[in-house]
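Pasting the structures in now, so scroll down.
Heads up, the next two complexes both have chain A, just with different partners, chain B and then chain C.
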Partner chain A sequence: MTTRQDGRLTYAYAVLHRGARPPAGLLGIGDAPVRTVAEGSLAALVSDVPAAEFDQPGVHDRLEDLTWLEATARAHRGVVDETAAAVGVLPLRLVTVYRDEDAVRAALAAHTQRFERLLSRLEGRLEWGVKAYAQQLPDDRKPGDPKPNGRKPPEAESGREFLRRRLRDRKAGDAALHEADGMARAVHDALARTAEHSRLHRPQDGRLAEAVAASGAPDAAGRAPAGARPAVSRGPNLLNGAYLVRREEAGTFAERVGELAARSPALRIELTGPWAPYSFTDLADADDEAGRSTS
Partner chain B sequence: MSTPAAGPQAPVALIDLLDRLLAGGVVIAGDLTLRIADVDLVRVDLRALISSVNENVPSPFAELGPDGAGAAEPVYVEEARLP
Partner chain C sequence: MSYPAPGAGGGANLADILERVLDRGVVIVGDVRINLLDIELLTIKLRLIVASVERAEEMGIDWWRDDPSLSSGARRKELSQERRDRNREQRELARENAELKERLAALESREEAAREERALEERKEESP
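Right after this comes the complex of A and B.
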């Protein structure tokens, strides 16, 4: 094993069965080669990272640096998801760092039962993300186009009429959003029935998404990050769901998403994935029947 | 192949990545394991934005937010008097 006189730490990406073969030639953070560290029936995917970057407390400062955070997150995801495409894998939380391989082995030994339970529970399943946004609310009065057909000129409008009109507009907006919200709920219910399990992430805040996208670095191929593409105009995020789906049912699930999108005109629906089962790593801890999503 | 899209190669929005990597994945104790999910660690803009998210964004499917709660505003008082 590596001695730690070399200024390096061991970053752990994921846990898998010892016999499982991850894709060859995986590169992790800083393009370091990924290797496995085995203990008992389990193995961890790890790579060396510079202690100068990942040791505390310096890493806390780096986590505030979105460019660093993005590079680390994308490298982490690359290792985990490329592996998940081939074999069953249990993702670890971002920035799980050990002094050396012995410490990784000790962690595997200490959590063998939990990891085994989770691995067998998640075997053959992948996670899909579905987000639904309210379409821009119907509004025939664009800015600078203040007067829809047949309405009295503003100077002839009494205060009461103004208030009445504002109330009507507001009610229409609320009703549209309410309708979209109901559709998003229906989409989630339908997908939760199609999937084995579901989890709801917090709806994404538009400003946070923009801030994160704006700070994003181009990826390795020089493309702008996906979030930095010209923003499609869309309303608030109403659904940010994760769905656990058997590999062989991925096509069915995606078709289901397409059907739901087609019959939910008030929503803009986006599908992401497949992901490793990041959102389902607490499944074995929860009671199985409780985990069975509301159907 | 029948599954749509090969995931790992497709560009992914960072916000979707952070949803999963900062909140998902197994947390195991280790000598250097960081509890980065504790939002405190991600300070400055990101923290401000995240905490604003926590405060302002209703949980999924919550009743319509602050706007819907505006019944006490004058415009609704006015409504009550309308013929």
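Right after this comes the complex of A and C.
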């Protein structure tokens, strides 16, 4: 692509209604000021980014650089979610980059129908994330830890007693995980009924989360990386759900999550959000499908 | 349970964010062609956390694998599985080849020794 004379490209974060007012003073990637580019009934949130970083082919390598990817993802997310807190937005996928504002206008014009349909479908709704983890299982006690129920200490056991105890503990652990999994499903079912729509994401791999935490950059709130905070011991991620909820029902939804958490002692439940409706940008297409199949 | 901190999206970890900004959201073609449904995405995601693809797979980092939005990725997964299978086959063939060569060398040297022995005996027989 031929680069603009100023060596910059136009990065698009999200699409919104032309009349919608995003928060003032938004800063995007590289702390560049965010502005709107309007076309017809729509507008896009954009900022300038250096072509040296975002043009081909270098950008492909950059995407694989975790430090760069993390900074870009957090900046992208910051613009999208701060705006979503105020007005309805369609989040665009990371690194949607145009030559200049005219190219952004052309893209808005080319997709006007789809964007209008999605915006009206998602208007007044936000996404909430709920993750449920199994609480650490009782058989995770370190070998040799004293038994809480005053059984004989391990050194006084015969080999056979030891093996029996191990088997018993493992069975108890399996049963506990099974129970936790059942509770996680019940939590999802209850939340899916409370929300307008729901989507299940892949459960997060514990090792992935640890590797991410260890990657070092401070989080959005400027806190130290999670790796530097005392590690929270928790079991496997059983539920990673996204729920579309009307703005005015956010409190009810959060209360519902709280009730379910109180009722599910085998689970540790985390609520994230509010997010822009990232996980629901295929809704209009899905509605079309449904419309076609029933007609 | 833990409630989000005040302000947008407290409590979200980087994996939560990447799940959404890389995997979800509206896809439109920009001037910079990042075809995120293409092989790049798989590569990016595989390499997100650790330097090498093998390491990521060893660690079981595979939450993107069965993503329904990545049907082309799933196809590529099959392809890369085939490639891995092929590589494994090739490694096995190479190992088998090396073993055969060793055995052949052993046989050859044994045969050589036998030939020399026979030659010695023949010479003994010839000499009165």
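Quick note on the criterion: the second predicted complex is superposed on the first by the 247 of 295 C-alpha atoms of A that agree within 3 Å, B and C clash if a C-alpha of one lies under 4 Å from a C-alpha of the other, contacts with A are read in each partner's own complex, and residues count from 1 in each chain.
Simple rule for what comes next: contacts are C-beta pairs under 8 Å (C-beta built on N, C-alpha and C of every residue); 3 or more make two chains touch, one makes a residue touch a chain.
All values derive from a computational prediction rather than experimental measurement.
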{"item": "Contacts of A:Ile269 with chain B and chain C, given as first, second, both or neither", "value": "second"}
{"item": "Which of chain B and chain C A:Thr281 touches, first, second, both or neither", "value": "both"}
{"item": "Chain B versus chain C as contact partner of A:Gly129, first or second or both or neither", "value": "both"}
{"item": "Touching partner for A:Ala261 - first (chain B), second (chain C), both, neither", "value": "second"}
{"item": "Chain C-contacting residues of chain A that also contact chain B", "value": "9, 12, 15, 54-56, 59-60, 63-64, 66, 69-70, 73-74, 76-78, 81-82, 85, 90-99, 103, 107, 111, 115, 118, 129, 131, 201-205, 207-209, 211-213, 219, 226, 240, 254, 271-275, 278-279, 281"}
{"item": "Contacting residues of chain A [partner chain C, same complex]", "value": "1, 9, 12, 15, 54-56, 59-60, 63-64, 66, 69-70, 73-74, 76-78, 80-82, 84-85, 90-99, 103, 107, 111, 115, 118, 129, 131, 201-205, 207-209, 211-213, 215, 219-221, 226, 240, 254, 257-258, 261, 268-275, 278-279, 281-282"}
{"item": "Of all residues in chain A, those that touch chain B in their complex", "value": "9, 12, 15, 54-56, 59-60, 63-64, 66, 69-70, 73-74, 76-78, 81-82, 85, 90-99, 103-104, 107, 111, 115, 118, 127, 129, 131, 160, 163-164, 166-167, 170, 173-174, 177-178, 181, 184-185, 188, 200-205, 207-209, 211-213, 216, 219, 223, 225-227, 238-242, 247, 250-251, 254, 271-275, 278-281"}
{"item": "Residue numbers on chain B that touch chain A, as the complex places them", "value": "2-8, 11-34, 36-37, 41-47, 49-50, 52-54, 56-61, 64, 67-68, 74-76, 78-79, 82"}
{"item": "Chain A-touching residues of chain C, taken from the complex the two chains share", "value": "1-5, 7-34, 36, 40, 43-44, 47-50, 59-67, 69"}
